[in-house]
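All chains are identified by letter, namely A, B, C and D, in their written order; residue positions are counted from 1 within each chain.
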Amino acid sequence: MTALTTAPVAAPPPAAPRRRRVPAWARALIVVAVGVVILSITATLTGQYQLTSRGTTQAAVLLLLPILFAGLGGLWSERAGVINIGLEGMMILGTWGAAWAGYQWGPWAAVLGGVVFGALGGLLHAIATVTFNVNHIVSGVAITLLGMGVTKYLSTLLFEPISQNPRQSPRVEAFDTFSVQPVADGLASIESQQRVLLSDVAGLLGGLLSGLTPLVIIGFALVPISYLVLWRTRFGLRLRSCGENPVAAESLGVKVATYKYIGVVASGALAGLGGAALTLNPGQLGYLEGQTGGRGYIGLAAMIFGNWRPGGLLAGSALFGYVDGVQLRAGGEAVHGLLYGATILAVGLAVLWVARRRWRAALVAAVVGAVVYVVYYSIDTVPREFAAYAPQLVTLLVLAVASQRLRPPAADGVEYRRGEGD
Amino acid sequence: MATSMATSAAEYAVELAGITKRFPGVVANDDIHLQVRRGEVHALCGENGAGKSTLMKILYGMQQPDEGTISVDGRIVRFRSPSDAIKAGIGMVHQHFMLADNFTVAENILLGAEGLLGIGGAARRRIAELAATVGLEVAPRVLVERLGVADRQRVEIIKVLYRGARTVILDEPTAVLVPQEVDELFDTLRTMRADGFTFLFISHKLDEVRAIADSITVIRRGTSVGTADPASVTSRQLAEMMVGSELPSPETRDSTVTDREVLRVEGLELAGESGARPVLAGIDLVVHAGEVLGIAGVEGNGQTELVETIMGMRRASAGRVVLGGRDLSQASTLERREAGIGYVPEDRTRHGLLATQSLWANRMLGHQSRPPVSRGGFLGLLDRVAARRDTERIVAEFDVRTPGVDVPAAALSGGNQQKLVVGRELSGDPVLLIASHPTRGVDVGAQARIWEELRRARARGLAVLLVSADLDELIGLSDTIKVMLRGTLVADADPATVTPESLGAAMTGADDSEAVPA
Amino acid sequence: RDTGTSQPAGGGGTNAGACARNSAPSAPGGSSASPAPALPNADASGLKVGLAFDIGGRGDASFNDAAGAGLDRAISELGLAKANTKELTAGPNESEDAAATRLRQLASEGYNPVIAVGFKYATALKTVAAESPNTQFAIVDDSSVELPNVTPLVFAEEQGSFLVGVAAALKTQTCKIGFVGGVEQPLIQKFQAGYVQGAKAVAPDIQVDVDYLTPAGDFTGFSDPAKGQVVATGQLDGGADVIYHAAGASGQGVFQAVKAAGKSAIGVDSDQYNIPGLADVKDVIITSMLKRVDVAVFDYINAAAAGNLSTLPDTFDLKVDGVGYATSGGKVDDIKAQLDAYKAAIISGAISVETTPTSS
Amino acid sequence: MNRVRTVLLPPALAIVFAALLCAVALLISGDSPITALTVMITQVGEGTTAVDIINSGAIYYIAALAVAIGFQMKLFNIGIEGQYRLAACVAAIVGGSLVLPPVLHTLVIIVVAAVVGAAWAGIAALLKAYRGVSEVISTIMLNFIATGLIAYLIRPDSFGVLQGNNISTAPIEASGQFPGVSFGSSGTLFGMVAVAALLGLGYWFLLNRTRFGFELKASGESPTAATAGGVDARRMVIIALVLSGAVAGLVGLPELLGRDFAYTLTSPQGYGFTGIAVALLGRNHPLGIALGALLWAFLDKSALALDNVGVPREIVLIMQGSVVLSVVIAYEIVRRYELAAEQRRVAAQLRSAPAVEAPTQTVAS
């Protein structure tokens, strides 16, 4: 008998040919372009021109800014391996700090004040989670409680004597707004010509280029900056390694605790910046108790939505800000119009998946499209009670569809003690 | 043979003197002395928990000794962190991979050493050079998660070399490699030794130790008990130094195979992630009562998935699993366990134990629906007294070294944890035992104990499906061997005649002349 | 492209010429209504007055502050000793028993009367007033507690809102005006109802853009100026040029948006033109709907001091100057005659104002 | 002794630390911590405060149990807030529109509340089990959406009734109410306090004595090991979240069935977040949670007295936030201290014992 007999099995099936990869930036552009086209069609067919107006974009920018900052905060912390559900608390600290510094020394001081106060919250989170190994969610919840308490207490102490109101700061001077001229005016004139697609693009773009403040610029700039710092520098490599495999990082001489501290404090600073953005928001006098309204949590959701990446979280906060802007400006009718857009999207996806022979996915998309269309057809407007929470609903739906493709840092939230690795 | 030599300091690349390290309840290292000459491969031997890894972590600066000194090239040094050790030219390849899966090969290598050549072109060129030295053929841009174990091992070695280490610690580097890969690794080591590198080498496979080492230090229960000359010492003698007992052998004596079919797997298939090729395809096998069926294969070829699919932890896309005539294809993991399958998972810490729970709570895992630990009923009441009692039985029968059954599982050393798992899985009269790497990383004493228990159960008529990377174990224990490659069973081997080398060849797909088409 | 009726961005809308306006009703009595004769000031030096504020308390620039002002006036005009007054403030999201404890605290320390500011005290008051039958209680904004020792102090917000609706309709250039409510709840809907009715009374074709920041139960709508600003900007972009807000602190955002667009806004509750915190936007505030909680509180203390609560009106409405409109800044001086004519018509009963929006 | 040190010392340390922190804050703002503490303690004897503390404590207790069920499996049900509010609203609507014999009526309301809470949590559970959506995010979103749904349900043209300027559901008849224990002028203890205590008992029993509890804890400790041990991880996620939601559904009932008898716009909010904090304070242990809930309720209710002495009531929020943070830190410090003590002990033992003794024999029990 021979020692070894090869069994008569068919050769293992060849691996499926890999599709050519489209670079990430190109995919992002395609997604944006598709989105604009769908919105343009929807606006034209439903008459909901607010969907693509300059004002909506501006509102979206205004609304997304605090969320974007909070999301970036989440990114820095979670890439270093620390879950930060305390973003809300750090943001509250930021609003207070910004108002306190801002009413005395002007808007730039407000920015600094927000950053410093947020960073203090971050520092506390870092001490608890990194030094004392407290569960990250636990510490985050506690910091949010503390943030609310401390700001209320301090407001009673420091703001009330001046503003006569324990819940509000004195008036904080905001930044002046500016537009990119003459592009903004040019786009405005195209928008008013009401050409299909062209006007829609002009409207969406025009909103991005007018009514700007330095904070908007900082916010948008921080997205590529975060990418470059975290993915293209040695500092970023080390910081991310703490989120992927801190034991390995430590074994290579990376000072894991230090990097985690940096990540979490930066996270707090960014959340604080989000707070400052709220305080300095055109339309705001300054600090107002409860003005964050859960935006810190939504920033966290935007980051998860964006797959723990700067570009993705920008998309997440933009989606949130856009839907919120649409529902606030144009109410239930416009949200109703978005249902129509969702139908187009679903049908488009179904067609795409049929072409790729992914039958199940295509079927699901088609069914979803049909259901959404039936809803669209059977009501005239989305009741205000639901339209008001359309952003949350959309976030939930998108996560339900896409979350399985998400990839959090491998050691995110894992308690880590120095020297206890194997 | 067990003599310590007194020599002048300058002769040694590394010298550890009087190292003591205490952990709560355990003295991991107790006055250890170790001298390593420059340009040699120095092996460290010792049973599980003897303190080898701890000693090496101290040398690498990951842990600080409570007492004792470290000298490098004759100078006394103090390492506060791995960076200090790296600066002193020491590198370490850990017992468990220290790689970030979601990072590229290059990122993993550069991490922490960005200061040397930056993270740009110069660094990439250096990595390419080193990759050629150790035979890594993957592009540095590839994510580590796509790499097989051998390549991961190479990345680990490149990591060390990239930092300019002259003294390299290898903690059980061969545990996951097939013989051919071990040979390749040893070739690399020999070449590098000729270039002046010094190696500290840890392995439980004593033949390997004798094949590669220039000198051997044996550690027992935290103290260095002596050194040995690999040229003259036998594996048996080494083992006796380590544990004071005889070297066990996995030989099975007479066949107990019956013709009563216990497990039949037909056309089992497991789909890969969308678009990828199936992980398992067309698996057919039969295990009879009293038979040990061994599955050989290079890690990552579907053995893990096969076992987990049979256990119902993964959902098969096609095929049948039949146990004693009963079709279990649609059954849940618990139903399969209740039907009489015992399961020793390959990774006891991930799949076998609840680390912070007591031993008796761990006894209930997988048995939570059955007596003696469960009284059943609508609420599924647990019987904690019985669970404790039965755990005490396992502790006694399997010689689990523990102060009691109330300690958390994490407090046990690896070998003792493994004995507990084996004991648990053999409780409740299983008809089939699926054992994945049942003695991986377990020292010779515990190994012997586990083999003995497997043999005894087999004699009682238990059917065993054995997956192991240790080919000696596989050949020694199995009645039949099947070779797995890329998700399919590609060859059968007769354990009576097959050699580890020819088996290894079949496992890597490099069929040699011995293979004859059926 | 199919040109819709609404236009995407600012400046459009129907022009002023298209906004047909009715003439003001002729005043039945020939003159503007006179407020009910004020009672003579009684001596309140023997009283101990307790005040339980709603969330926010003094400094909210809204109805808490107004209630506080009423108390202050009683101190200065009725001889009430400051030491004999006590103010407590509610916390956000508190349970009924906290509200009850607060009222009970005041009652048990001998404060009599005790004034609860805000309808959230209704349930608690029911319990506490029954426990302390010898203490007089008053509750602002609620009339659901029917106990002999509880006096409701409620307002005809819809009447005041009607008048500012008239003002908005008279001032609009685009025949389009806006309403921004903080939280979509019955109290705020009263403001909306009156405002819309008033505007339509003047200009039947006028478009009123009604928006709320949050639905009922989500009280963040009263403290989210960012949303107020976005909503108001939306209305302005849609062509509205006068915006009335009933959105608490979120109104700050409305004012900012209106100021940025150079249009007009209408304040609420107190004379917001004169609120220090809003100084830099005051030039866009043409008027405010006044809800005279201060008058109600003062009158109540006065009546209590006189020992005759029956003189108090059932509802603080236009007739008793319980609601009204502000003239600070002089922006409505030109239409004062028309406003007063509508006011007279409401007082006389010729116009009755709805308290719920006819269609939302 | 050892047990006292590891279980009771940390919370005691934490409370002392948090109190010190607050004292410093008070001193800085020029108030006297002693006065503040005195009035808070004397307040317990005033009016209905003592009964209110127990009543609120029971509510916090139920909320914290709901959180703790998830925590046992490392699931963070941040959605207690939305679950209990929606459940209370729907239960009030159902209870107000039914006429049933006494006990049955109450039972129906309780069951409806539990089912609604479970269903709302079930959405997050299904999303987690089948779509891998983090329950932290989905429950936060669902909290917002629940607010919208409640606003819709309570609209006067849906199920709401105008009550002056408030909107409420139709009041629940006496047959549906849960009778309490009256202490005269000291208030009325909710009957549901007993239900809360029973829930605690049930929680303890379920976790420690049943297969379900074992599987829950196993999944929380190691999902991979639990799967290999025949625990269906997906099923456990669903059951744990749904059970947590069912308990959460009861949070609003003590007040609904014992005092308010209708759900209104001004019905209290925020118990969900309190529940998280209390569960953390109590380390998920039924007794610990009870103590945490009472401490929290004491701080909440006694704080009302601070107004009397002009101390900002917000100091209590700082106290609550810092006590949660410091209790977890205190546990860690004590754990490390114990470790060091153990090390010293072993070292001492080794010095006195012969050197040949095997390490396995010196493992401390």
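In the analysis below, a residue touches a chain if its C-beta (ideal position, glycine included) is under 8 Å from a C-beta of that chain, and two chains touch if they have at least 3 such contacts.
Going by UniProt, the chains are A, D = ABC transporter permease; B = ABC transporter ATP-binding protein.
Owing to the predicted nature of the structure, the values given are computational and were not obtained by experimental measurement.
Separation of chain B from chain C in touch steps, taking the shortest path, is 2.
The geometric centre of chain A is 43 Å away from that of chain B, both derived from CA atoms. With centres set at the average Cα position, the gap from chain A to chain D is 30 Å.
Annotation: 39 Å between the Cα-based centres of chain C and chain D. Of all residues in chain C, those touching 2 or more other chains are 92, 184, 215-216, 218, listed in ascending order. Listed for chain A are residues 385, 388, each touching two or more other chains.
A list of each chain pair in contact follows: A-B, A-C, A-D, B-D, C-D. Listed in rising order, the residues of chain C touching chain A in the complex are 1-4, 6-10, 56-61, 92, 184, 211-216, 218, 220, 223-231, 233-234, 237, 249, 252-254, 256-257, 260, 276-280, 360. Touching chain C in their complex are the following residues of chain A: 44, 47, 49-50, 52-55, 58-59, 62-63, 160, 163-168, 170-171, 188, 191-192, 194-196, 199, 203, 278, 281-285, 288-291, 293, 324-325, 328-331, 384-385, 388. Contact residues on chain D toward chain A in their complex (touch as defined above): 25, 29, 76, 127, 131-134, 136-138, 140-142, 144-145, 147-149, 151-152, 155, 273, 276-277, 280, 312, 314-322, 324-325, 328-329, 332-333. Partner chain B is touched in their complex by these residues of chain A: 1-10, 12-16, 233-234, 237-238, 240-241, 244-245, 247-255, 358, 407, 409-410, 419, 421-422.
In the complex of the two chains, the chain A residues touching chain D come out as 85, 124, 128, 132-135, 137-139, 141-143, 145-150, 152-153, 156-157, 294, 297-298, 300-301, 304, 383, 385-386, 388-389, 392-393, 395-396, 399-401, 403-404, 406.
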